[in-house]
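Common to both upcoming complexes is chain A, partnered first by chain B, then by chain C.
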Partner chain A sequence: MREDLLDPRAILLHESAADRTEAIRRCGQALVDVGAVAEPYVEAMLERERTISTYVGEGVAIPHGTAAAKEIVKHDAICVVRFPEGVDWDGERVTLCVGIAARNDGHVPLLAALADILLDPERARTLREATEVHQVIKELT
Partner chain B sequence: MAELARRTVTVASASGLHARPAKLFVQEAVRLGVPVRIRAGERTVPANSMLGVLSLGAVQGTEVTLESDAAGAEEALDALAALLSRDLDAEEALDV
Partner chain C sequence: MGGIDSKDIHKIIVACDAGMGSSVMLASQLRKQLKETGVTVEHTPVNSIPDDADVVLCHAGLAARARAAAPGKVLVSFQIFLGDPAVTRLVNTIKSGGTVDA
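Showing the complex of A and B:
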């Protein structure tokens, strides 16, 4: 796993959002803040979500931009944003978003690792309930 | 029990088998309702599991094998193999 994908500053564990759109904007902003993407990427994330839900299961969604928005990705990165109170995600309840900015395949091993964690209910719970940045880094990297 | 049907196909989507292409693949597997397994390398997972499919870490060019011994396997595998061998990302531009 490439450790430079996950900047500790992009791990936000005590966020709240009224709805899915607000949650995605929060994730997008986290990616903007670490310099991974330009502002318009946030709109591309919302556009992607309108075409297909990025919910993957176990209370986790993986918002990301459209293929067309790859050009405004400055470097591959992910963010981990936790919404302890949950966000309604088209009928599913999401408490953890893993936002993705990717120009190529650099983030795929990380996504696979994330999926692997989520397939184990115990580890999925640990990740969803993480309150410390180092816990998240330990689980994902 | 029917014979084991199998298709080996190379993932064509530019973004690999995750994100949107994975979702479309899993949705199709669910819609078909035929139990199918998908294998990449050492790992085999149910085709109707989003997390399972994501855990394969398949990128563009990864060779995957679809398997099923259920009734209707041949048709289901044909449909799923056809989906994998298309670049679903390139088609997105036309989706609008």
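Showing the complex of A and C:
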């Protein structure tokens, strides 16, 4: 795995957001901050979310940009942003966002690992309730 | 157009809006479940579904776009990204034989 794919600085475990838009902006900003995407990518994430919710189950959503926005991705990266108080996600309650920026397939193994975790309620809970950065890295890689 | 016999399924495409998020997750799960069958699973944006796809899987919200982008392909739509009954049915049909309806 490339080191900049899951930058520890992009793992934020004690965030709060009033709504889905604010939560996605937080995820987008995390990806901007580690140099994975340019600023306009955040709007593309919101645009993509309006098409179909990125909720994937077990209290987890995976916001990401549109196909057109791949152009402004500098390198494949994910961020993990936890909202312990929960965010209303079009009727679902989300406490963990895995934000994605990808122009290639560098992030595929990580998403495959995430899918495995989400299909195991016990592991999903461990990930959702992680309060330390190293726990999250251990679960996902 | 009718369905497709499981024996004729060689390539499944999971189509998504951007092809970088949920379709990637679903494709990885399917690949694992279909490992022993020799069926190829790929993920692509809905606008670039390859010609040699035998079955296209996509979220119900994208079904109309997928149908327009890949006319004549057998399309299976789902509502939830992980553990959707329609996807389970597709996997079971491929493994034990039968027809996948268009």
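General observations
As a working rule, the second predicted complex is superposed on the first by the 137 of 141 C-alpha atoms of A that agree within 3 Å, B and C clash if a C-alpha of one lies under 4 Å from a C-alpha of the other, contacts with A are read in each partner's own complex, and residues count from 1 in each chain.
The rule is short, and it goes like this: a residue touches a chain if its C-beta (ideal position, glycine included) is under 8 Å from a C-beta of that chain, and two chains touch if they have at least 3 such contacts.
Since the model is a prediction, treat every value here as computed from it, not as a measurement.
In the superposed pair of complexes, A:Leu114 makes contact with chain B and with chain C alike. By the document's definition of touching, both partners, chain B and chain C, reach A:Gly57.
Within the superposed three-chain model, A:Arg48 lies in touch with chain B and with chain C [touch as defined at top]. Residue contacts after overlaying the shared chain place A:Ile137 against neither chain B nor chain C. On chain A, the patch touched by chain B and the patch touched by chain C overlap at residues 48, 51-52, 54, 56-57, 62, 64, 66-67, 100, 102, 105, 108, 111-112, 114-116, 118-119. Those residues of chain A that touch chain B in the shared complex are 48, 51-54, 56-58, 62, 64, 66-68, 100, 102, 105, 108-109, 111-112, 114-116, 118-119. The touching residues of chain C, when paired with chain A in their complex, are 17-22, 24-26, 28-29, 45, 47, 59, 61-62, 80-83. Note for the complex: chain A touches chain C at residues 48, 51-52, 54, 56-57, 62-67, 69-70, 100, 102, 105, 107-108, 111-112, 114-116, 118-119.
Every residue of chain B that touches chain A in the complex is listed here, in rising order: 14-16, 18-20, 23-24, 49-60, 89, 92-93, 95.
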